[in-house]
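Note that chain A is present in both complexes that follow, paired respectively with chain B and with chain C.
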Partner chain A sequence: MGQTFQILGFFLIVLTLLMQWETYVKGVIWLFSISSFVVALFLVLLGLSHPGQGYLLFVLAGLTVSVRGIIIPLIMNKALRSLYKKPWRVREDRPMLGIGGSILVSLILILIGFFIYQNSLYEVLKIKSGAVPFALFMQASLLIISRKNAYIQMMGFLVMENAVVMLSGWVFSGLPFVVEAGAILDLLGLVVVSSLIIRVREEAIMQEGDSFEKELRG
Partner chain B sequence: MLVVYSIVEILYVLLLAPLVAGIQYKMEERLESRQGPSVLQPYYDLIKLFGKESLVPKVSSPVYRLGPYVVFMFYLFIAIILPIITAFPLSYASAADFVGGGLLFGAASAVKKFTAIDSRCNYAHLGTSRSASLGALSEPIMVLIFIMLGVLSDTNNPFVINHVLRNSSHWYFSLLHGFVVIAFFIILIIETGQLPVESHTNGELGMIDQAMPFEYTGRDLAMYKWAAYMKSFLLMSVFLNVYILPFAVPTEDAGVLTIVVYMGIHLAKLIGLVLVFALLNTTVSKFRLYKNFDFLAVAFALAFLASLAYYISKP
Partner chain C sequence: MQYSTYLLPLAISLCGALLCIIRGAYFEKIVSIVAASGVLIATVSNLWKADNISGFFYVDGLSKILMLTIALIYLTTVLYSTAYLKHIKNPLFQSRLYYILLNIFAAAMFFSVIADNLGLIWVGIEATTVTSALLVATENDQVTIESAWRYVIIVSTGLVISLISTTFIFGASGTLSLHVLLQHHPTNRVFLIGLLLGLIGFGTKAGIFPMHTWPDVHGKAPSPVSAIFSGVLLPVALYAMARLIQVSALPAVRIFSLVLGILTVIVAALMMTVQTNYKRMFAYSSMENMGMILVGFALGGSGVIGAAIVILAHGLAKSGVFFLTGDVLSTYHSTDIADIHSLFKRMPRSAFGLFLGSMAVTGAPPFAIFAGELFILAQLIQSYGWLLAVVLILFLAIAFIAVNYRTGKMIFTGTHGGIAEQHRWETWIPLINLSLSVLVLFMIPYFEQLLKPFFKP
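And now, the complex of A and B:
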C-alpha cells in the first residue's frame, strides 16, 4: 500500500510540473481537476487501509471529487467563458520564468521541501514519504509566485490545499474529519467569491475603458 | 560458442538496422494514407550510394573522409557489448559497462561533429552547433539515468540490470523504474531524431542530424547512413531489452533455437516501438528549436524524481 501512495504522490508532483509547463488557463484547470481525482483516490485507498475510520475518508473522497474535481473546475470554466470571448485562448502572456527554468526551479523547491521535512517532521513521524506533500506544497508556491495570471495563481492556491489534504491524510490520518471537510467547503466558497470579485472587477474596469487582461495580472 | 553468438549479433544488427528504418518510413506513409516506399527502400538507397563515387570538399582534411568509417566501427563495437539477442554477456561484453557504452555513443557523436565541421559547409556547422547544444544537456541526463539504474541493480552492467528487472517485480513496478523509462524514452526521441524534436526534412529552420552530413556523397554517405540506422537500432534495443521489456531475452542455459526465436521476438518488439515513433511523427508537430530544451528539462525532471523516489522507497 505504501508504494501505491508513493505512486499517487509522485503523480501529483508530475501533474504540478505539467501545470508549470502549461501556459493556457483551461489546461491548468483540467490538470487541477485530474489532481483532485488523484487526491480522492488516495483518500479511498487510505480508507481501505484504515477500516475503523474508513467511511469518513470515503465521504471525504466523495467531497473531494465533487467539489475539487468537478464543481470548482466547472465554476472556473464558467467564469472564463463569461469573461472572455475565446476562453480556450486565455493564457499567461509573458511568464516570469521560461518553461525549462520553471521546471528546474520547481525541482530545487522539491528538494528544499524534502530537506525541510527531513529535518523537522520526519524526526517525529518517521514516515519518509511524508515529504511528498511538502514537495507539492513548495511547487504550488512556485506556481503562485511565478505566474501573473489571477486564475493560475488561484489554481496554485488550490494545489497547495490539495497538498495539505494529502499531508493530513497521509501523516496525520487521525485528524478530525470535520477539519478536512471544512477546509474543502471553505475552498468552494473561496472560489465562488473569487470568481464573483473577478467578474465585478472586470466589469468595473471595462466601464473605465481599460484592458481587463492588463488589470487581471497579479 | 560465445564468439559465434557475437558474430551473429553483429550480423543481426548490421543487416536488420536498415529494415527497421524502412518499416518506420512505411508505417508513417501508411498512417498518412499514402502508399509509401518499400520497407526495403533503405537497402536500395545504400546499394545505390555504394555504387556512386564519393566527392570530397577540397578544403577538408582526412578526418572528413575517415569519419563515417570510424563512426560505423564504433557502433559495430557497441553492438557486441549490449544485450541485443542474449541476456548473458558475449565474448567482448566485459570491454565496457553501461557508462562505457554511453561514452562510446558519445565518442561516435563527437567524431560525427568533427567530420561535419571539417566539411566547412555552413549547413553542417549549423547542424553541429544544434546537435552539440542538445547533446551537452541530453548526455548528462543519460548519465543520471544510468546512475539510477546502477542504484537499482548495484552495478553498471546492462546484463545484470536486465536480470534484476526481469526477476524483481518490486523494481520493475517501482516509481524509480517508471521515471527512468519515461526519461530514457524522451532521450531516445532526441537521439534518434523523432518528432517533436526533429523532422526528417531538409528545412533549414529545424534540421539537426540532416544537416551534419550535408557534403557527404556516394560510399561515404552510405556508411554514414548505415551507421545512423545502427545507432537507432542499438538505442531502441537497449530501451526494449534493458528498460521496458526485459522479459524473454535468452539466458545462459538457452539453446541456439531459443536465440533464433528471440531474434524474431526482438524484431517484433522493435516494430512495436517504431509504430509508436511513426504515430508520434504523424500526429505531433515539431517544437521550435529553442523549445527542445524545455523537452530536455522534462527528461531531467523525471530522472531527478527517480532519484527522489528511490530515496523515499529505500528501507
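And now, the complex of A and C:
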C-alpha cells in the first residue's frame, strides 16, 4: 500500500507542476479537478487499509469527489463563462515567472520541501515519503505568489487544501471526520464567495484597469 | 441541557440570519436588532453561570469575556449599520444579504469561542472568512473589491497553515479536545511543531507579525465592518492562539508567542508613523493592541487579566472609533488625513468622540486599555525584567504619538467650513461604546475572578 501512496503522491506533484506551467485558466481548473479525484482515490485506499474507520474515509472520499472534483470546478467554470465570451481563452497574461523560471523554482521548492521534512519530522514520523504533502504545499504557495490571475490564485489555495488532506491521511491517519467535513463545507462556501468577488473584481479591472494598486499600498 | 444556554447566542444569531431571508420593508433591520439584543441578554445572563468544560463545550472565563465582547460589538454594529448603509450609493448586494451575512458572521464567532475541539475552532474561524469576505466588498468600488479578494486569499492561506497545525496536534496527541489536551499536556516534537504552526496560522487572522498584511485591508471595508473586524474578529483569532498557549507545557511556545507579540507591537507602531489614511492608521492600531494581548497571553498570570481587559476595552473603543470614521467619511468623502481639517468646527460631536477614541485605543489613562497594558507590563517586568518592558513602552509611546498627532491634526487644524454635522441618533452609538470602554475598569475584579483558573505565569 505504501508504494501505491507514493505513486499517487508523485502523480499529485506532477499535476501541480503542470498547473504551474499552464497559462490557461480552464486548464488549471481541470488539472485541479483531476488532482482532487487522485486525492479521493488516495482516501479510498486509505479506508481499505484501515478497516475499522474505513467507512468514514469512504464518505470523505465521496465528499472530496463531489465537492472538490466536481462542484468547485463547475462553479469556477460557470464564473468564467459569465464573465468572458470565450472562457477557454482566458489566460494568465502577467505571470511573474516565465516557463523556464517556474520550472527551476518549482524543482527548488520540491527539494526544499523534502529538506524541511527530512530535517524536522522524518526522525519522529519515520515515513520516507511523508515529504510529498510538504512539496505539494510549497508548489501551491508558488502558484499563489507567482500568478496575478485571481482564479489561478484560488486554485493554488485549493491545492494547498488537498496537500493538507494528504498530510492528515498519509502521515497522521486522518483528522476527525467532523473536522474534515467542516473543512470541506467551509471550502465550498469560500469558493462560492470568492467566485463572486473575483467576477466583480475582473469586471472592474476590465473597465478601469488596476489603478487601485497605489491606494492599497502602505 | 443545563448548559445549552451557551448555545443561545449562536442559535439566536442564526435564527436572525434565517428570518432576514423574508422580504419586508425594514424587516431585516428589525430582525437583526432584535436578534442582536437577544444575543446580548443571553450572553450577559451566561456570565453568572458555571463554566462548562465537556466533550462539546469549552466555556470558561475567557470564553465568557469573548462572548460578551462579541455580543456588545455585534449589537452596536447592527444598530450603526441600519443608518450607515443608506450612505452607500452603489452597494454590491441588497441590504437583506448584508444582514444575513452579518448575523451568520456573529454566529461563527460565537461558535469559535465555545467549541471544545481545536478542529472545530478552526472550522468556525474559517467560516468567519466565508461570511465576512462579501461584507468587506459591500461598497462595491474597485478598491474595496480588491481588498476583499486580498482578505480572502491572505487569510485563507494563513488558515491552511493552522489546519496543518491541527493535523500535527491530532497526529501527536490523538485528540483535538481542549479539555483532554489540558489534562495531558503532550510534549513531543510533532506537538510542538503543530503549536508553533498554529500560532503563525491563527496569527494571520489576528494580524500578528509576520503574517500581518491583511489588517490594513480592513481599513478599506465599510465602517461598521471595520468596527466588527477590529473589535472582535481579531480577538477571536487570538482566542485560538491563547488556547494553543494554554494546552502547551513547553516554554518554547510561550517564548515564541511573546516574541511574536512584541514584534507585532514594534512593526505596528512603526507602520503607524507613516500612514496617510486614517482608517488604515486605526487598523494598524488594532494590530498593535493585538500584539499586546498576545504578550499578555504568553506571559500568563496578571498578563492574562490585562489581555482580557484590553480585548473588551479595545473592542468597544475601536468599534466606536471606526463608527466615527464612518461619520467623517460620509461628510468629507475622503480617507486621506491631509484632506480632513477643522473637524472640531464642522463636526464637534464626532471630533470630540474621535479625540477621546484615539486616546482610548492608544492606552491613555483613564481608559481601560491603559489599565490592561499596566497589568501586562507588570507581568513582563516580573517575568523578564525591565529591558523588554522598556522596549515595549518605547514603541507604545511611538504608537501613541503617531495616532494622536494625526488625529489632533484632523480635529484642531484649519479654520474653514461651517457646521456639517447632522444630529442623527446613530452618532450617539460610538460615544456609548467609548463610555462603556471606560466602564470596563470597574469589571477588573470580576475579570480576576473569572480568569483565576486560566493561566499561571
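As a working rule, the second predicted complex is superposed on the first by the 198 of 218 C-alpha atoms of A that agree within 3 Å, B and C clash if a C-alpha of one lies under 4 Å from a C-alpha of the other, contacts with A are read in each partner's own complex, and residues count from 1 in each chain.
Keep in mind that, in the parts below, a residue touches a chain if its C-beta (ideal position, glycine included) is under 8 Å from a C-beta of that chain, and two chains touch if they have at least 3 such contacts.
Remember, it's a predicted structure, so these values are computed and weren't measured experimentally.
In the superposed model, C is the one of chain B and chain C that contacts more residues of chain A.
Contacts of A:104 after superposition on the shared chain: chain B is touched, whereas chain C is not. Contacts of A:150 after superposition: chain C is touched, whereas chain B is not reached.
Contacts of A:131 after superposition: chain B is touched, whereas chain C is not reached. The contact sets of chain A with chain B and with chain C never meet.
Of all residues in chain C, only 92, 117, 119-120, 122-123, 126-127, 129-131, 133-134, 137, 140-143, 145-150, 152-153, 156-157, 160, 163-164, 166-168, 170-171, 176, 188-190, 193, 216-217, 220, 274-277, 280 touch chain A in the complex they form. Taken in their complex, chain A has these residues touching chain B: 3, 6-7, 10, 13-14, 17, 21, 98-100, 103-104, 106-107, 110-111, 114, 128-129, 131-132, 135. Contact residues of chain B toward chain A in the complex are 173-175, 178-179, 291, 293-294, 296-298, 300-302, 304-305, 308-309, 311-313.
Within the complex formed with chain C, the residues of chain A that make contact are 120-121, 123-125, 137, 141, 144, 150, 153-154, 157, 160-161, 164, 167-168, 171-173, 175-176, 178-179, 182-183, 186, 189-190, 193-194, 196-198, 200-201, 204-205, 208, 211-212, 215-216, 218.
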